[in-house]
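Common to both upcoming complexes is chain A, partnered first by chain B, then by chain C.
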Partner chain A sequence: MAEDMTPRTIDKRKLPELAGLIIAAGHRLYGPVRNGGEVTLTEIAEKPPLDFAYGNFKMSPKNFFLPQSEVICRFCGGDMLKDAVSAEEKKVLLGIRPCDARAVWLMDKVFLEEPGDFYYKQKRDSTILISAACLSPETTCFCTSVGGSPAGTEGSDILLFDLGKALLLDPASPRGEDFLNRFSEMTSEASKKQVSQKEQLAQEAASRLKKISLDGVAEKFARAFDSDLWAAPSQKCLGCGICTYFCPTCHCFDVTDETVREKGRRLRTWDSCMYPLFTLHASGHNPRPSQKERVRQRFMHKFSYSVQNHGELFCVGCGRCIKNCPVNLDLREVITR
Partner chain B sequence: MSANVRTSEELKSAARKLFEEGKIDLLIGYERGTLPLRTTPCFITSAEEVDRLVWDGFCSNNLAAYLPHLFSKEGKPKGWQPPKVAIVAKGCDGRSIIGLVKEKQAPRENVIILGVPCRGIVDLKKVLRALDHKEPVSGEAAEDASVIVRLDGGKEIRLGRDEVLFDSCKDCPHPEAPVCDLHVRPEIPEKKAERDFTDVADFEAKSPRERWDYFVREISKCIRCYACRQACPNCYCATCFAEQTQPKWIGVGTDLSEVMIYHLGRIFHQAGRCVDCGACVRACPMSIDLRVFTRKMVKDVKELFGYEAGISVEEPPPLCTFKTDDDQSFITEP
Partner chain C sequence: MNGDGNRNPYIPFPAKIEKITIENADRDIKTFKLAFLDEGHRRAFQYLPGQFAELSIFGKGESPIGIASSPTEEGYLLFTVKKVGVVTSDLHNSEEGRVIGVRGPLGKPYPVEAMEGKNVVIIGGGFAFTTLRSTIRYLLAPENRRRIKNLTCIYGARSPGELIYKEELKEWQGSEDIEMYVTVDKGDESWTGREGFVPTVLKEVAPSSENAIALVCGPPIMLKFTFPMLLGLGFPPEMIVVSLEMRMKCGIGKCGRCNIGNLYVCKDGPVFTYQQLQSLPAEY
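On to the complex of A and B.
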């Protein structure tokens, strides 16, 4: 699909103008904004980003599709009120990394397969993903070990390469091509030299990533349910939700009704398998009574169940769980053990 | 041999001896982490494993946080006996352990406190800031907690102690565990003078309105991952009020009011108990200034009731005592 389309290019100096046109066309534009050392995906009103030389966003873009807290309906007595769900605004996410776009592609398998999740689909359909190829991976990155690549296109509509003075815009989906066509007066066809430069950059980035061997991890974990593999990591795990909340593919949620007399709202919120409440039954019984079962669940879900259910590992190698874990519990150690 | 290596070696011999003499079932300490400038908690159960142990200025976790769970009867089989545990303790960790002993979360006779000479812990966020956010590939901490880091390409940079130390470690009045069973390399350098609480003066000088605004601004960053609670030795409730469902005290969403109630609950439950170890701040992935609030309470408790947490096993905690002349100004003059 993507191979048939011609990459476009734009002089970086023209980026503010392009951003203006995108916003004028009714999209809310989100891009990389530096705040101290951290880069966050922030709404851009005027000054567009020119700098794609960061590692990755502090938080993944998961919140755009599966918000941490979302009202899914309001009710009064037995009546459903119609005011909770409004049409989604059109959004463009500029500069997310291919690993995070791949995570969205993985979440699509969960939320878009029949019957499909209305709330997720609505957000997904109204959002264009422009990924920026990851040219300087961090030490905690391992995307090439889990099926991705620093210039991977899964989930993206357009893949952008920073070529120094210019940006190369490579359409990665029909929607991306359509989007580029709408702004074609701002861009020109990429030269052969630029295309080969892009390929070289992608190769260089991939070669900088350390590969870890995950052959047969799904089968290994499936056999290791009762093994002592989980003892060491669960012993030091504090049981906070950082790894799951920072993970771009963790998608477990809770649904709670909050009511005052007869009026109320139904909330969908992120949940975490690290928490005791995650599997607590109404009876008081908890099938995952200790951190051992909870840690095991997180690894089994990502590296075994997801392979059985969706044919893919549900880890994209972004390294956020490794970077942010307060006790340096390194997922790479557990999956290669 | 550097001072930290010497301490690590002595720690290993002490640990080996404890196992060989059959005095402990488990030792909780630190081993080298998988990332530059990090260590990770390690759980050792035999003399053969003690060589994993390390000690340096990267040993940031407060290991006392693991104790309540180890000694809790919940989920343990009938006839279960509490284990004998040795635990590597900085000054603040040692104070946390004493707090847990006093609150009956750890039997004193089952815990061997291995005091290490701590001169402060390195704040990795400060290191990154000093390096203009370039990731180091390796690094070492000297005994005075100054740091040498190496960048990709081999460039070496030395960062001074004052530049990289955690705020909670600056002018620490208790670098050694006040109650200790075994001192590893006890020749601790000069003891710091009494801490003067100038670091909360700015916060105190604010009007109640401004203080509230500051609180709201900081708490707005919270993602409710509960890392501050989980990293804190004092937070050992079997079910936190924030997660109780019968009755439900607070909502599950990210509305500011819910998040604030969680934090107010957490902070006020620390009154007279917080040892200012900074574990909550270190665990917080959103860089919330959690410490200023608990620090202010540490000051109030010290000034109003003359009590400092985790200094002695015998001294009764202020929340467990009543004197007719107790200062009550904190009620009327917040």
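On to the complex of A and C.
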């Protein structure tokens, strides 16, 4: 298993060369690049100016596995065209945070369970996740309260630690171990000192995170379905759905057809439980007629239904919904109420 | 879905509309008889009463529709569709011979094994009678009929013209294998049958709950008054089985919109026991 392999290190100055080799091996490489004031996960062509001084990317990497919009099939008139799905390109995502890798691990539970989701699985199988341990969490972060940690490995193939002059690469899956072996000439075995430095950094990061108490939240929410718990957040909520778009685990989608004359395509696109049309029946009946039911659904799904169905909270504590909500609705206040 | 792990569950199978039957006086409910173009697809589509499929029209979209035929009727599928939205309207404008897509079978069927050796009571209202028609056809097949005891059905519609499957209703009313009660909310001059709401007729007929299972499908208002009536007749909640509907897209528990509590109507239902419903939030 992965634990057997000793972590590797690489001098940061050798990173562009490693990136070049990864690209030459046929992977599309995405890494942290500063664009203006912001570090984003950007495709790297060659000699990347990688920048590891960031909290987290504004957008989660959800788009790599469940694109905002993707083609299910193409058609002409009443006939489906056979060229529908092209093979996925191999990708490497370098520098996503462990919370976002954990979110992919959570989405796996939905999309890889039978019957497996063809499109998701293709992308998942062809993408290597190299997470960067989150050594300076932000004030909106609360991963340790929802089952994760700044150096958690769920979903990751390799976990990377920024040790200053060098990066430590710790394999987190057999696939990650295999990947590191392929590029072993670029790296060297980590020293004992580096390994203990890594552990210290992880502990320090975890200790900086404020823990909120979520014991029994699934049961509490299940009991609170008809309570007035939902009144305050839903009165404030505009129903804009931005929380669901930024959320790395929100995965609801719509399926629609688009045509120009008789040629067209069937698409799946991100959808949101915050919208009234989401559940509107053709008959006009809507089981979630007001924002109260819709806000409740989002919280129940993440903090109660998912625990019942998959044994995990479907929140990774990345804090994006808190940062991006236009009316400052703080999810932490609702789940601890 | 059928256990073929490599199949892409989002891709429909092509099927030809062989026959279209107008079912009601308002002419907005039609039954489509479909046959798969591909023999392999036909064989792969193994279903039981209560399951549904996504009917697919490229350029319009998909609609989840209960399968109205019984697996004992081989070689074709029946779907009874009310004209309501974009897909169903387009489907209604079809001519025989058109090829559409079918994706399924989806969802859990009525518990046919639990009916073994039991009296079966079927209660339907409006055009939701479709998967119950499948169940009746299935149970009336000789090899299945001898496995259950009494078969009773109460079916009602708003008016005589809105009753669907009129020919079969007549056939069943004359059959000894099924005790058939047909009712309408309000009759017209030519109507000589029963008048009254389904729950009221259920009270009059008062089928015994002894060694019995009840299957219910109908509009929410009918369900609301039928459940207490069945409980009053002594049916235990786990022996009341109901089929629900919900807006759906994927049909396989991924797209996240058709849940009631932690269960998805598409994959955990659409068939639920009343006992299950009692433990779920009333959000349907």
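Convention: the second predicted complex is superposed on the first by the 326 of 337 C-alpha atoms of A that agree within 3 Å, B and C clash if a C-alpha of one lies under 4 Å from a C-alpha of the other, contacts with A are read in each partner's own complex, and residues count from 1 in each chain.
Just so it is clear, contacts are C-beta pairs under 8 Å (C-beta built on N, C-alpha and C of every residue); 3 or more make two chains touch, one makes a residue touch a chain.
Keep in mind the model is a prediction, meaning the values are calculated, not measured.
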item	value
Combined model on chain A: chain C and chain B, fit or clash	fit
First, second, both or neither for A:264, with chain B first and chain C second	second
Touched partner set for A:110, first chain B, second chain C, both or neither	second
Contacts of A:256 with chain B and chain C, given as first, second, both or neither	both
First (chain B), second (chain C), both or neither touched by A:164	neither
First, second, both or neither for A:308, with chain B first and chain C second	second
First (chain B), second (chain C), both or neither touched by A:273	second
For chain A as apex, the angle formed with chain B and chain C - C-alpha centres, to the nearest 10 degrees	90
Touched partner set for A:75, first chain B, second chain C, both or neither	second
Residue contacts with chain A in the superposition, chain B compared against chain C	C
Distance in angstrom between the closest Cα atoms of chain C and chain B, superposition on A	8
Contact residues common to both interfaces of chain A (with chain B and with chain C)	254, 256, 280
Contact set on chain A toward chain B in their complex	36-37, 55, 68-69, 138-140, 232, 235-236, 238-242, 245-246, 254, 256, 258, 267, 269, 272, 275-277, 280, 289-290, 322-324, 326-330, 332-333
Sites on chain A touched by chain C in the complex	72-73, 75, 77-80, 84-85, 110-111, 113-119, 225-226, 251-257, 259, 262, 264, 266, 268, 271, 273, 278-283, 285, 287-288, 293, 297, 300-301, 304-306, 308-309
Complex contact set, residues of chain B against chain A	33-36, 38-43, 61, 65-66, 75, 128-129, 132-133, 135, 137, 223-227, 229-231, 239, 243, 245, 251-255, 282-283, 285
Partner chain A, residues of chain C touching it in the complex	1, 3, 5, 7-12, 14, 57-63, 84-85, 88, 98-101, 220, 245-247, 249-250, 252-262, 281, 283-284
